[in-house]
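First, the structure itself, so that you have it in front of you.
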């Protein structure tokens, strides 16, 4: 293992890390608005991607149709999750929503298993050509594409949050739920819409994960959930730029650990690093400035 | 608890009633199947159940089983889900053992089989050992050497050591230009690890293949860029992938992206199922896998058609479930099992003795040998992926 | 009958796991490290009975103490983080423990075979119960004695000042400090007690399954550990035990006759339960009714 | 009793407290007043240890406690109430009072085990006295969260007193109270003074402050602008400017 290999490992990790970023943003978005965590988010995103497969596999649509279908499906699933796990549970019971979304995670996963008998499903890549060579380094061309799509999705999200009325409402509800209600915003509607938006984003993430792995399997859901949560907290809860950076960081770090040590020890170091990071910098990378009480 | 029991017993009654086999002059011979019908290995459970039902149906429609007192027994199969976890596997078998079942067929996962066999009595008849006394005849869980844990454990799974030894020998004689072998191993799956480190890695040097090392990944990994570069660096003639379909496909796809080619791909026995082709038919083209089942004989074809009627497909795992029912039928008839409510424990002991005494069993592909350790040495053949289907590459039985 | 004894054993060690999370949850800490402590207990106890040939009871105590020591060490740094950050930090720790056992080999020759933990292959033949001729009934009585002792101790603790202190810290750390409660001491003590209980549970688990491997102690188990007290409600230890019976006895075993539908219903019923009873199966009102049932004046209005 | 020397606290670039000195004598009721944002609350939080000072000393009975952990300050004899009441709302009234049983006096009375895992018996008498004093005896077994606002205030005060402090910090105890309740509070503060408590009172309600305090320190923009008896402070032009906002 030489220097070139390590750099290459980091490059691979960075590219793959974009998918972690997308999942992390979804977690962070819901947390930012409701101050609650939606544990079923990653599983629902993958379920969206699975739904996308209905297009080409059962309706005879062209392969590219999986992408838009995945995104729409994930948005719908996001709203269903809002209705079943958040809408009717009192705000004052954060543990109850934690648990209801865990139940949802198990349910969504099992629905996917029942629909596919647990078999891996082929998922189309967004680009199927040769890799890009940069000197001694190789970049997976499709991952560069995934990276760009992720960046666009994030940009659209940021524009939505900061340039539209919905975004303003979302941020208002996030910061001052009572005041926002007094200003005539319908809390439930805004919360529900946040889940749809987060779900749509999750659909992009699910589709991109499917495209970059080349397959979907219920096996991925657990890993992606854990990675997504890690990214969310490293980035700082509620911070979108934080989630983006943290996703890339986690992707790069785990690949580097794997290159330096080996695959069986890789995750120990990721976990210990995370533990140390949280303890030393409890606010995350982009912690919101803490005011006086 | 009582309610649970009540629900259960009413459900049991319902099942038995529906099957309609418990007619006046006949007696039900209850055989339970268990394995995973939830989670990522759900297809194993579906196929095993279908195979067992198909086999039972075939036997029942041809006159059933002749019991010790001359009555005709009809085989009654029910399949229970253990979610591929040790706890539930043990619980399911204890539940089965508490009922009228004579024997159980399962489990699907090696990580259930290992603890489960540990719960059984180690030496039959050893009064100082309070382990469970119930015969289990495994169809799927394939990790090597498990049946020696208990004398109540029997398996009808292929012996990987024999298959890979033979496969490598055949490959080497067929293609003498193949000189080196490299492996990809799913490190956190006990069976995959054992298949490489204890089986293939031992077998390869015996036929003069040079082992160039192994690339490692985990069961749920999604990014294989690094491992494929290791494969590229080793540039072996043969790449052996000791992994399950999900990561096998992941690696194969990454190899295509990076343009890494090897002369020959060898896969894990368990990957010779539909899953691999569902996930990556294009990339898996040409992969060679030794397997203990393919519909190459008349019996095998008929069995596959039967299983399809019960909404399952016959592969190397579920074919064993099918065979097990027939083996058990033979044992029951030979040992004079009565299948009466008051002879349950004696019948189980008879089945255990009968299974232990077997030296040879009939299978869909031909005769299998039984070893001292209660394992099978099954006939095998080599299949390869061709045009999105598994095709027989070489069948030592007919050639 | 043996099946019900076995089921009672499962409920027993899951109850210990749930109670370990219950103690920690009282102080407002949602810990996903309990599966890690459970794993430590399982491996340590199994190593003592299989490799060193100890009796199960001292081995269990050693397992509990080892897990408690680890929990105490983790408690200190984990104090610095709260809320979701703590959930993830403890998750990371629990996973690190699991992955440690994934890489942990320590085998000793015993007769002609080697025994002991062997990395990804796991640790097999932990057969203390059958080797000592314990029947299912014996094991169940033993397990439930341990559960009763632990639950009783926690019940008593709950009623003591320390129990109220745990709840006070869980409710308002600032106020707790200002009435002179040492947050560090209280939280680390809760963590340590939780670790000890999880260790006991792990020890029983290892001897129940006879074979343990790292993958048994993953995030799913950690989630279950906190699910029990949350589903049951934090009013008292009974809630946790009721939740374990609900999950293991009803959702897992009781619904088995539903076949294919069982696992689908599993998640759906958890979602439904939280919608209908957001404060747990045994919430304040139920606790009051129970108290009245035992002829006592309700303490909490 | 309590002496604060050159106390400074910065939050980022904001100088919330910017060099304050004052000294409280044993047995007196000392008022700390000032307009919103003048640094009163920050000062209290510094004294009871929720924040660490950027600079300066906090001497309590001659010992610098600036770096002493928050919970230890109670055992030194420093107890407080909060501006926005902080009770353990899911514990009963009785249990709220039980929580404060960690003062040196209690340690002398009961051993470690008895104090921590002992039952209610050994605290019963003391706590009934505290309940009697605050007029909450009839609600002892109710959840603190179910009390009326005024009752919650009284309970919080009782909780602080249960620790038998030498110095009592009252952070805006009159906030949200009606005239009648304030009159009761006035009476209660005087009673506490008679019982020998030293009190640091932070308050907006001028009538109350002027009525009960012996001396007053006035803060504005994190600095002390006046100190003296109520009469002296009322006469101080700087104080009037600060409150009326008219530039001098």
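Points to keep in mind about this one:
Labels A, B, C and D are assigned to the chains in the order they are written; within every chain, residues are numbered from 1.
One rule holds in what follows: a contact is a pair of C-beta atoms (placed from the backbone, for glycine too) under 8 Å apart; a residue touches a chain by one contact, two chains touch by 3 or more.
As the structure is a computational prediction, the values presented were derived from the model and not from experiment.
On a Cα centroid basis, the chain most remote from chain A in this structure is D. Among the chains in view, C has its Cα centre nearest the centre of the complete protein Cα set.
Put simply, the C-alpha centre of chain B and that of chain C have 34 angstrom between them.
Averaged Cα coordinates give chain A a centre that lies 30 Å from the centre of chain C. Centres computed as Cα averages put chain B at a distance of 73 Å from chain D.
The distance from the centre of chain C to the centre of chain D, with each centre set as the mean of the Cα atoms, comes to 42 Å. Chain contacts: chain C has residues 102, 120, 260, 263 touching two or more partner chains.
In chain B, 38-39, 187-188 are the positions where the chain touches two or more neighbouring chains simultaneously.
Annotation for chain A: residues 110, 113-114, 222, 264, 267 touch two or more other chains.
On chain B, the positions that touch chain C within their shared complex are 1, 3-5, 7-8, 11-12, 37-39, 79-81, 83, 85-88, 90-92, 94-95, 97-98, 111, 114-115, 118-119, 121-122, 128-132, 149, 187-190, 193-194. Listed in rising order, the residues of chain A touching chain B in the complex are 5, 8-9, 12-13, 16, 110, 113-114, 117-122, 130-131, 138, 140, 142, 209, 212-215, 217-220, 222-223, 255, 258-259, 262-264, 267. Chain D makes touch with chain C in their complex at residues 48-50, 69-75, 79-80, 82, 86-92, 95-96, 98-103, 115-120, 123, 141-143, 146, 159-160, 163. Against chain A, in their complex, chain C makes its touches with residues 25, 30, 77-78, 80-82, 84-85, 87-89, 91-93, 95-96, 99-100, 102-103, 119-120, 218-220, 223, 227, 230-231, 260, 263-264, 266-271, 273-275, 278-279.
Residues of chain C touching chain B in their complex: 1-4, 6-7, 10, 102, 120-122, 124-127, 129-136, 208-216, 249-250, 252-254, 256-257, 259-260, 262-263.
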